[in-house]
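Look for chain A in each of the two complexes below; its partner is chain B in the first and chain C in the second.
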Partner chain A sequence: MASQSLDIARRSATTTQPPNVRGDVPKVAKLIDISKCIGCKACQAACMEWNDYRDKVGTCNGTYNNPPDLDADQWTVMRFTEYEPEGGKLEWLIRKDGCMHCADPGCLKACPAPGAIVQYGNGIVDFHEEHCIGCGYCITGCPFDIPRLSKKDGKAYKCTLCSDRVAVGLEPACIKSCPTGALVFGTKDDMIHHAEGRIADLNSRGFAQAALYDPKGVGGTHVMYVLPHGDKPEIYDRLPKDPGISPWVSVWKGVTKPILGLGLGVIALGGFIHYVTKGPNEADDEDAKEDKHERR
Partner chain B sequence: MNAADRISRYSSQERANHWMVALLFVLAALSGLALFHPAFFFLSDFFGGGTWDRILHPFLGVLMFLSFLGLMARFWSHNRYTPADREWLKRIGDVLGNREEGLDTGKYNAGQKTLFWVMVVTTILLLISGVIIWQPWFAPYFPIALLRVAVVVHSLSAWVLIAGIFVHIYAAIWVKGTVRAMTRGYVSRAWAKKHHPAWYREIGK
Partner chain C sequence: MTNHWVDIKNANLVLIMGGNAAEAHPCGFKWVTEAKAHKGAQLIVIDPRFNRSAAMADYYAPIRTGTDIAFLGGVIHYLLSHDKINHEYVKAYTNAGYLVNSAYGFEDGLFTGYEPAKRAYDKSTWSYVKGPDGYVEVDATMTDPRCVMNLMKAHYARYTPEVVSNICGTPQDQFLHVCEMIAETSAPTKTLTIMYALGWTQHTVGTQMIRTAAMVQLLLGNIGMAGGGVNALRGHSNIQGLTDLGLMSNLLPGYMTLPMEQETDFQKYLEVRALKPLRPGQLSYWQNYPKFHVSLMKAWYGDAATKDNDYAFDYLPKLDKIYDILQVFELMHQGKMNGYFCQGFNPLASFPNKAKIGGALAKLKYLVVIDPLATETSEFWQNFGPYNDVDPTKIQTEVFRLPSTCFAEENGSLVNSSRWLQWHYQGADPPGEAKADPEIVAGIFLKLRELYRKEGGAFPDPIVNLTWNYAIPAAPHPEELAREYNGRALADLTDPADPTKVVLKAGQQLDSFAQLKDDGSTACGCWIFSGAWTEKGNIMARRDTADPSGLGETLGWAFAWPANRRILYNRASCDPAGKPWDPRRDIIHWNGSKWVGFDVPDFKPDSAPAQDMGPFIMQPEGVARFFTLDKVIDGPFPEHYEPFETPISTNPLHPKVVSNPAARVFKDDLEAFGTAKDFPYAATTYRLTEHFHFWTKHAKINAILQPEQFVEIGEELAKEKGLKAGDQVMVRSNRGFLKAVAVVTKRIKPLTVNGKTVHTVGVPIHWGFKGVAKNGYITNTLTPYVGDANVQTPEFKSFLVDIEKA
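Moving on to the complex of A and B:
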């Protein structure tokens, strides 16, 4: 948190302007170049070390995916895919999975707890677990299936993009550990520029469809991929081709909230107006008299 | 009102059951609204803060459903629509304008019956969708795509139910002598004759 608390662009379940006195700060991004990744998992280990979490020891599921999935105690995992393009070739695809730090974060939109999720001015989306109530709405909001509720404390966890390190001018721990330069970090503009060079290089090596993954459906992301097969993101262990906040979440958090809140007010007001204009409906002496008459 | 002018409308068990549901409804609605819109989040303070609100809300909801089952069993058969209800619905404008003369309403009018069925449908939808999104017990067993649909179903049915209860409460305030039916159990004969003439005749027999 520290100095970044002055630069909060968005805050969950908050309808007023969060602290933002410095205004524009440069946007940051992590670039994951899949063509350079050798799957050594140094970044996975560095993430555990810096953020000081230890997932329980699991069992091997017959693949290199280890542990097999993200968890509250595992904020990044390498996902391995054996891909067979035409011509009897085999490609071993390795994707480092974790929070994409969406510019338009579905998790933040869905979260009902004020301040449990914030988006800093630099684009990092961070969970502040001390405000988290454990409802899991962020899980329904995220288009990338990232947040996980901890079984230990019932709070939601995910990659912070090392917001604590970035706040003091360091790069994220994973970046520091990567031996091949597959992970780079800097301003988003610089990372896009760097990616262009990488894509040109890949194009010249026979990957004509190489592309940058910075999906517009979520307003772009602050974690981007260079994909050798840029036209087929889904072959990289189900990386969504065109991710976006689900229409169900938009209906729930977009239109429903204000319209329904207002609707209840209108009904209450309608009742009040009806009472003062039409008045109460009372059985009067006349009814009582008729009743007496009939009983006789 | 002397005893000869009274007609009994609700037994003590029916009243106890009704107020049990009412109390649980208020608690479930307030704790649920806290999670629905930031403007209502302060309501979570009444339940011990956001996390307690999240923990308690589903239990309150399930208890409400279980006690509502009692009301369903008690009132189900009284809420079947009859030809007189069609007439009532046609003359809804007259009813709202306090001109209900000539309507041959039974124990419940078409408005009350409709509200009953709205409550039956919404509480069932709330129970099903609520179990699906219940963290951490049940939600992990359902696909995320289903959770997204369930939260929408849950908030829409909750809204319909709350709106329906607003109407229910207002109607009880508007039609004088109604609240006493649920607090003390009886209504005046004049009340029954004016608002529920068919029931009045049936009882008078």
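Moving on to the complex of A and C:
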């Protein structure tokens, strides 16, 4: 792997020039091949071990989703969906959910705390919890509903793409643990190339719409999926078809400063607060419509 | 496995049936994804549930639990009637042309010789016709109506697609689609690999299910081929090693057997095991039995095993019957067994009918539990509310718990499904007072020996004369034990071709079992492991991944028994002339003067093809058997019998003989079987990826990933019963009940069987009342106390329950 500089390319609520003496470093990516994932949760276990967090022992909610959702103590979960289209074959879709490491991260743009969210030169989006003020704006800014506030310290947590491992030339813990090769890691270019081979294989097995999920609405992502049904991302437990950052976040972002430029910011803030409290109604409705397959 | 894990990647078609590799063997399953990604392989999954493996399958077909012989028998019928077999292979490498005793027959569900009072067969008619030369008569044209091929055709002619579908509940078109996919691999350049596990073994017809699969593979010519074979996926990391070392009541190491009560004559004991060839020119490798056996006795008894005392033959126990676990707990339950040592397993959770197991343990005077964990068994006498509702004041059993180390806390070798002995190193110190198993056993042995030495007793010799030459007698080292099972020369060994040449000096480690002698000049603790620790050192610790063939034949990685051979019967990967059936699967071939290649030939290395030696060298015929003579007790051809608890209360093939007539059933257990009238649903038990047996509920991360006991039911049954996902339900069998969360799923569909709708209830096994996961009921509260007719593996996979909202 090429050198993985931890140079910070972007920093929340910060306008100073980022360091760039090393120039461009290669972008990295994790590729999640849904067609190879058996839902064994080894990656989930590895994430707990490497990052040293432990959720509580919960209960079974009548599905295989355990724990049932992302949490400050659960940075990745497998989402199981039983998909049986009218007249079609039953499929058990299993999607590893977690931060997508957006090239254009809504979380970072929405964050008002300087340096609580950073993006490294290699594309990884990381939360630096010591700067987090616990406002939860990142949650609202995220088109994938990823960050979670901890009930213990009130700060936001999510997948780091194992930035500490990547920085020293190791693959993320989940990648190392995956027994089937459903998870692969490398430069984004290599991962796109790898995905092309997988898509050709899926095409030959009758998945004519197999595709790479690297949504443009967030500038592409550093976590990508190979989707057998590439035309229907929403069947994979509500993976958004066309994710984007709410325009309010962009406006808000435009005025976000270490100290708020109050006069200019007021209107934007009003809109943003509405967005934060009421949520992106439009998107939600669409999600609800698409959510016709129960989670299993 | 006939083949090995890595070799799965060479298959064109993978059939997972009687197992759920993605769920229970996720790391091995990667070779299926390799085959799919790089060889364009197709994956078929056949299972009552659309499981994790099915999620990866190119084709899934449902089947009713316990009916796999009907399905595979139907495949045999399809292959024979559509002429989709490898003719040359079948003719040269199987007993298809062998002539069978004219008195043999099969009628109305029974083979000839059935004795109802004994629930057993007189197997004398299940035999070959022998010619005046003493060899079996063979009709190479296979036209004789008494040849195996024609008897097999007749036997499976009944297994039409209609019949299969009626018994299995598999829709006919899906069954036929699977047949077509399988049939394609009858081409010599295509292979099918079959992966199975406890979904085949845990039935009263388990042995025969596996045999049916082997028959399919023989018809297709897929045994001995890279990417072929019948591959057992072993569960515990060393359960393969357990069978290899003979830790069964009737076995000795290396698949040798203990004598039965009437076998008091040493020479006769050897003779019936050292099988003479049934056809001219055959190797019949078991002829070497005396060498393996004498060397074992020399390893155990050293100088006390002499020619004059028949190498201590009298020291060996002589069995009146087989003491499998069901027999043992039956005796305990009857109060005929007073003490029990339970090392590394958890019978209260792992054996069927928990009420009976708990009741049996309560009749013991003492119970010794050797385990790294505080198992349910070790606390069977404690009250854990509804999960273990017993009255401790009524139980007098004295329990000794001896904490042992787990695999990560010791050096040693584990044998995996691939038959590889892989050495591993201690990764952590054991906690508290935990001791390694050899140390615990040594402590008990040394004390016993001291008592026998002091007090004598009826027959102290087997104990006081046992070889115990370890550097620290109270703590034998894994390295010492490994060297012992490899074996060593006790006198100088010379080259058979040149007796003046000394190959090994006395005291040196053997190179392989080929050097074993029946004259007491070699010692070997387990002949099939010979070669694992030679004068070159610890062969099991090798980690060379070099694979010159590209087929995963990494001969420098660890040690594979036997003789570091990776694919068994690999002579059959070549045609009779010694040329590979498929040039891309060239693992060995005849080079004009000997057998060479990327694997170790499973054959006499210099036997030219013209000599007509068969590739199945362990068989006295030299060929594989469709008709299996008297080697299994419930019939020379596999036949479909219903589980003892059947949801259809009949056997559509022969209503008078419903379940396996040769399976042993104890009286109390017969009475504890339920019927479909009271318990209408077919139930099956299984494992989940997130857990390993009853161990990982003691581990926090696993408990987080799968915290609470659940049962799986289909949407249709849920609707009928008014249940929804997340409800608490009660599942009852005639032996007890459990309560758990309902997982309601599209992945279990009702099947139409013999005109009746059959629902399946799935019950994972992992919960209990010890550990950090949420407490749960022991699943084996529900399961029936009856085992496979041949090897007594309990019928955990097919029984009857009722279900209701709790």
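Just so it is clear, the second predicted complex is superposed on the first by the 244 of 296 C-alpha atoms of A that agree within 3 Å, B and C clash if a C-alpha of one lies under 4 Å from a C-alpha of the other, contacts with A are read in each partner's own complex, and residues count from 1 in each chain.
Going forward, a contact is a pair of C-beta atoms (placed from the backbone, for glycine too) under 8 Å apart; a residue touches a chain by one contact, two chains touch by 3 or more.
Just so it is clear, the structure is predicted and the values come from calculations on it, not from any experiment.
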Checklist entry - Touch check for A:R198: first (chain B), second (chain C), both, or neither? => result second
Checklist entry - Can A:I139 be said to touch chain B (first), chain C (second), both, or neither? => result first
Checklist entry - Touching A:C60, do we find chain B (first), chain C (second), both, or neither? => result second
Checklist entry - Of all the chain A residues, which ones make contact with chain B and with chain C? => result 294
Checklist entry - Which chain A residues qualify as touching chain B in the complex? => result 13-15, 112-114, 131, 133-137, 139-140, 145, 149, 151, 154, 246, 248-249, 251-252, 256-258, 260-261, 263-264, 267-268, 271, 274-275, 278-284, 287-288, 290-291, 294-295
Next on the checklist: So in the complex, the part of chain C that touches chain A is made up of which residues?
Outcome noted: 22-23, 26-27, 29-30, 33-34, 36-37, 40, 50, 52-56, 58, 60, 689-690, 700-710, 724-727, 741-747, 772-774
Checklist entry - Which residues of chain B touch chain A in their complex? => result 5, 34-41, 44, 49-51, 53-55, 96-98, 100, 133, 135-136, 139-140, 144-145, 147-149, 151-152, 155-156, 159, 162-163, 166-167, 170, 173-177, 188-191, 193-195, 204
Next on the checklist: Which stretch or stretches of chain A touch chain C in the complex?
Outcome noted: 35-36, 38-42, 44-45, 48-49, 54-64, 66-67, 82, 84, 89-94, 179-182, 198, 201, 204-205, 294, 296
